[in-house]
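As written, the chains take the letters A, B, C, D and E, and residue 1 is the first residue of each chain.
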Amino acid sequence: MAQTKTASLTKGAGFKKQEDLTLLNEVSSATAGVSHLEMCIQCGTCGGSCPSAADMDHTPRALFAMLRAGMRDEVLHSNTPWMCVSCYHCVVRCPQEVHIADVMYTLKSMAIKAHQYKDNTAPDFSQTFVDNIEAFGRSYELGLAGRFYLQHQPLRLPGMAGMGWGMLSSRRMNILPSRIEQIDQLKAILTKAKTLELTS
Amino acid sequence: MIENHKPKIGVYVCHCGSNIAGTVNVDDVRKWAQEKLGPEGVVIARDYKFMCSSLGQELIEKDIKELGLERVVVAACSPHLHEKTFRTAAEKAGLNPYLTELVSIREQVSWVHTDKAIATEKAKSLVSGTVQRIAYNTPLEKQKVPINANTLVVGGGIAGIQAALEIANAGFHVYLVEREPSIGGHMAQFDKTFPTLDCSACILTPRMVEAGTHPNITLMTWSEVTNVSGFVGNFDVRILKKARYVNEDVCTGCGICTEKCPKKVIDTHYEAGLGYRKVVYTPFAQAVPRFPVIDRPNCTFFQKGTCKACEKFCPTNAIDFKQEDEFINITVGNIILATGYDLFDAGRVTNYGYGRLPNVFSSIEFERLSNSAGPTGGEITLRDGKTKPETVGIIHCVGSRDKNFNNYCSSICCMQSLKFAHIVRERTGADVYEFYIDMRTPMKAYDEFYQRVLDEGTLFVRGKVAEVTNAARYPHEKGKLIIHVEDTLVGKQRRIPVDMVILSNGMEPRHDAKQTGQTFGISCSSDGWYIERHPKLDPVSTMTEGIYIAGCATGPKDIPASVAQGAAAAARVLDKILQKEVEMEPIRASVIEENCSGCRICNSMCPFNAIAFIGDLKVSRVNPALCQGCGTCVAACPAGAITGTGFSNEQIFAQIDGLLMTV
Amino acid sequence: MTAKPKFAMYWAASCGGCEIAVLNTHEKILDVDANFEVVFWPVAMDAKYKDVEAMEDGSILLTLWNGGIRNNENAEMAHLLRRKSQILVAFGSCACEGCIPGLANLSPLNEIFETAYHTVSTENPQNIHPQVSYPAPEGTLTLPTMNPVLKTLAQVVDVDYFMPGCPPESHQIAAVIDLVIQVVQGKAELPPKGSVIGCGDSTVCDECPRTRNVKAITAFKRIQDVAPLDPELCVLEQGVPCNGPATRSGCNARCPRAGAQCIGCYGPADDVIDYGARLITAFASVVDAREPAEIEAILDGIPDPTGQFYRFNLADSLLRAGKGAAMSRPNAITSGGKP
Amino acid sequence: MTDTFEPVIVGFTCNWCSYRAADAAGTARVKYAPNVRLIRLMCSGRLDPAFVLKALAGGADGVLISGCHPGDCHYIEQNYKALRRFLLLRRTLKGFGVEPERVKLVWASAAEGVRLAHEINAFVEEIRKLGPLNWPKWDNQSGRDLPADIEPQPIEEVPA
Amino acid sequence: MNKYIYYPGCSMEGSARAYAESLSQVAKILDMELATVRDWNCCGATEYLSINLIPAYSLIARNLAIAAGQVNGTNELMAPCSACYLNLEKADYYMAERPALGEKVNEALAAGGLHYKPGSLQIRHLVDVLVNDIGLDVIKSKVVRPLTGLRIAPYLGCMVPRPDYQHRWSDHEYPLELDDLMHVLGAEVIDFPLKTDCCGGHMSQIAPETAYELIRRLVSEADEYQADLMVTVCPMCQMNLDAYQGEANRFFGTKYQMPIVFFTQLMALAFGIDAKSAGFGLELVSAKKALARIGVEAPAPEPASPRRKPDGLPMPPHRRKKYASGREASDEKIAVAE
């Protein structure tokens, strides 16, 4: 983190460039529902509630302050959205009704588009999952596990073998993917959907 | 009616400095009115920097006299602001005030629109509407009604007591109605008051006694207003006097009945559920009046028909189990509502565990805990009643500034929390954490108190607490309450183990505020607080003439502000009483009897019972003294046989035509 | 003895009931003959339009016009008779306010033609669609052209007096005839121009003998569903939408006396600019419910509010026509024909 | 003139709540669509359905009716009467083929300036979607004429 | 007969087979008719939302559109998986809250000949349906083998009571629906403070150390309360806590052996279904020992937590919030089988 910051300062992103005041609005409008992001009062309820805050480089609250300050690169580099477990504790507790979890989704997709995430583990997991859905219409746990672990966590595989075998032998994991019947219809929908963006 | 003669109309367009002229092309509106509305009777149109200034008013007066204007249209601000100003000015020049109308081109045009061309067009159409309408205005005379000099004050908290004393001291009679057995309100429950740390009871009880003994005050405790009818000057009020089962005429307040009563119940009211009281009780030692009350649902005699210990031991035979609720009717000229607030139910914020985790306390519980007359005699202990806390966390904004609960700031909680921190430090020496979003200490000597508490070593953490839990994650947390919070100034999540949590819960409108508002004919904001006539310039009046509000009934307030409002409301009432009579707007409905067929459809329209059916004549008739001028019957009459002054069909139809003239 | 003043009566879009009502005055009709020279009355005597055209302007003292203006022939005759008459009376509901023919204003012309000529209820094996002109061997035949909406007489020409009713009550006709005769004889004065004559100045309830109370209606019902109807009590209070409260008096509360609800043929009371609005507000006002769902449930008891409130008055209402008719264009008339 | 259709809306407010809400919106400088022109009545109970019909017939594309919230009426309960009339009026308009959505009832307390502004904006958008009402000016004074009474005109041949 | 449109979700065919099997048993006994959404597709879990918004919502909405077409006497769409339930609910809610989203999603659906009008379905979670529709009284009446003596940590997890757009739950933080449901089965229910905390979600895949900590918190707390087993309502929770418990143990050097089962498995058991048909044996941390405690010879139940001593200061009333159905759970203990 410290490095990132220094780097951006020397590049002049922090001080010399004009502040990116459109960032907050961009994130807000790309979020599903009405995000209320601009209503944040920086109380820290989200940061206090977050079960994975310890592993985040910024608390969600701090991230929102950075959005306001237009710190685009820093925000998109942050691991915070990727550490979100979607537990919605912050969402129901937020006194300003900010759709925090959905803002995190937005930030993740923005980071993917901008190729700015720090660690590609999570984006790849999501992408692998989505690839399976797009191919079969259903999730494919074995395929997901195989492809994902081999690529990202090969060292974890031996330790997990017992568990994996347990899952397979109890038929809790299927060897072959199941498919939906109208996969072409789903593909047509998703192809069209990919041409659309939520902006207004 | 005006086929042959269009009345001469003058149109005056106000710039309001740049308030209007900044967004509306005032000159264009004036020219347009002069030219296009000429055929409608406009003989002169002028514009002026500030129409409401004396020079502006003189302009109108001069035109009325010199040009013989018969109607005046002023396009300026809202009629609720300056209608009276211009009507008075016109009246000075000899024109009946009801022949002058205001067009709101500030609140409804320049302040809410940005495009100058569009705003100007809208202003024109609004002016056109009123010009068309005013031709049908008729001269009206105000009615005068004498004012009854008695006043009703509802609510015996500090605001109500103050209001009652001010009026009583001025020599007029006051009925002070309180639904609890004693006056005193919330203030009677507090230990200390911030920032001076005065003993609450010490400063309150002399006032209570004064109110209880004042010759001009009729104190009615254990009573509630059930119905109000009539209007300013003459309200008929019905009061339910609940049975005390104690004869107030002979009771001396000796307290023997309470002493002898064998049954104890948890006192959810005065002791906030933290202590016990007897079933025949006075809420607290200094209660005014001193007469006890029997808590009927809990009384063994009422439950089982036996016991009567109180009756046996009463030296004056004051216990009267046969007493019944009674209704008392009074007539008053003015009413002050000082009905106060409810404390936010901290149990609603489930993540703070109140009601589930024993050592989480509400603010009022802590007040009782720290009060020397309270259940622990002022010892600050955990729920076990013994252990002194070593670490205490005080959480601000519980239920306040939170869209899940109440969106407003309860304004007193910061100071209340600081007071708690001080008391905890002083009495127990415990470490105290304050968890706040923003510190709000704006009044006299408040911020100095904040600094004093800082100086005492209280640990401030800026962050709204996310959760209070008993689920220990690490050994040192075992048996503690753990406060989950982001320390926003550090930018890190913290888990702070404490022994005791005090929730600084905020204020809420009375749970029955809306119902009470309906009884008195006043309305609540979306938050539930009563709405002032004007939030800044008329904060103790309501939209209903003769009904005033004071204290926390209008929103969260500290003690000084409540007292000031009580006095202010009293001043407004005294002003009314001293005028001896009140002028009523002459907006009234009347039935054209030859056209009335007596169908009686209008009869159910009037909530003021102003419409009577005259059986012999088979017509309905409006009593102008009772009519409040809403016009609902006018709109309801299927024969078009009811007319309403000020808002006649002709006037509204003409206004619609005028508004749409530019379409 | 001077020549008798001239009298005319004409019908446009109407049913003919008004003429019957005049005849229903029994021997009073003889007074008409005695005091007037009937110069034009297509129902009662033969006359040609050209005879009327030949008359001197203003030569007819009194013309009773019944029927609304539905086509260009009606309009032409209205202008003609206006020119020829000193006093033109809109006689009967159709002339005054459009009446039943006015309900056609809810539909555009093509739909009306479609319904009249090309729906199952019409036997039209050759699929005939009327044309305004047709070249027959004997020469071109023409029919009057339909206007997009029906208008009241006053919407087309200047009218002196209005006489409401569907039809006007015979006793009221007789009274008006008496009055005009007295005026002719110099014994009485005409009422101010524009007056509504032959009626009362209040509404039907004024003449209704039924008892009435403060109203709180919890259900609207059709009259056949109220059995038996209380003969003494206000019909509306029994839940039957009775238009009496809003309808001009003069009929002597004929329908409520006969055990039926008033349907409103005498039109609005004085100075009312929209008859239907009076009924909307009156009926809605006495609905005894506060919750929107409850209110709606009660209002369901009035299945056709527009028809209920504007049965007679539609053409003279503020809106005057349904959206389809109001927006329709002249060429709509031809669109109905199918090859 | 812009390309988008700018509806003309007549609004009726009561004196106590909704007119004051409009005042409050002004005082708070809340911006809203300029399409609504307000008429102040003492109470929404004064609203005669004829006012609405008159406005629609006179060129308005929509009518907004606004009063105190149910239970908060300055005259105790008259807004309920407004509600009933409004509901029956909408049914009647439907019979005329006029979209009932052109008439809207909005409760707004004196404190709800922002809410009123939102409601006005939303209503303007709804009416914009419905398009102009374009009601004929039957008495030929101005605006769109009533459909002309038809002169005989050549008509295409239809085989009988 | 209670009818629901049923969205199973991918896990029910794989990792959560025990859930699927026990649910079908329970549904039969409770006379519930479940009409599966025809040719349903994956809801995208929490993954698709991070990649691309409109496709993610379109993916979900395809299910909604198909389900809406199946409306026949009921418009209630029930999902047993928390993530599926939330995704379906969320799409329905946001498509209405943000009309722009609704329009875009429908534009995409149109490419597949579908359309969904937000609000046309009521989206429910299985627990909500059982507690509020079927009712605890009915469930109680079907119990033939009370789970007397079994100490249960009821674990609801995140996505059911939160964000709860339609306010179907008594509370976001401390809802007692599942506790009460377990209670009527005769089990001894501990007042589990972490009942709605997070199981780690997909962190077990992408940031295992974060997940291990979350798993540890839950399992150790249940162990602290001496729970025999923990019940879940969600395939993902079950997966994380069951399948990754071993890894978490290894990571922290702990030895927890907390069986994690689906609540429907215990319902099936209490309704008299045999353990195998109720899906037992599929869990990786065996529930065998815990199940051994059930039966007539089971020891008498001990209170879940020591009763607070009556001295000291009175507690403020813990006002239980009402269920969505307005119904209060009965506090009456279930009769012990003789």
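The definition used in the following text is that contacts are C-beta pairs under 8 Å (C-beta built on N, C-alpha and C of every residue); 3 or more make two chains touch, one makes a residue touch a chain.
Because the structure is predicted, anything quoted here is derived from the model rather than measured.
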Chain at maximum distance from chain A, centres defined as averaged CA atoms: C
By number of C-beta contact pairs, the top two chains: A-E
Chain at maximum distance from chain E, centres defined as averaged CA atoms: C
Inter-centroid spacing, chain D versus chain C (mean Cα positions, whole Å): 30
Between chain D and chain E, centroid-to-centroid distance (C-alpha), Å: 49
Rounded Å distance, chain B centre to chain E centre (Cα mean): 46
Sequence positions of chain E contacting 2 or more other chains: 172-173
In chain B, residues with contacts to at least two other chains: 351, 467, 605, 632, 635-636, 649, 653
Per-residue multi-chain contacts in chain C, two or more chains: 273, 278, 281, 285
Pairs of chains in contact (touch as defined earlier), listed by label: A-B, A-E, B-C, B-D, B-E, C-D
Parts of chain E lying in touch with chain A, wherever the complex brings them together: 10, 13-17, 39-42, 44-55, 57-59, 62, 90, 93-94, 97-98, 100-101, 104-105, 107-114, 158-159, 162-164, 172-173, 196-198, 200-203, 205-210, 213-214, 243-244, 246-247, 250, 281-282, 284
Chain B residues within the chain C interface of the complex: 594-605, 613, 618, 632, 635-641, 649, 653
Contact set on chain B toward chain E in their complex: 266, 273-276, 345-347, 350-351, 354-356, 358, 362, 365, 369, 375-376, 381-386, 467, 469-471, 473
Touching residues (chain side chain C, partner chain B) in the complex: 201-206, 208, 212-216, 234, 236, 244-246, 249, 268-273, 278-279, 281-282, 285-286
Chain A contact footprint on chain B (complex, rising order): 351, 397, 401-404, 437, 462-467, 484-488, 491-494
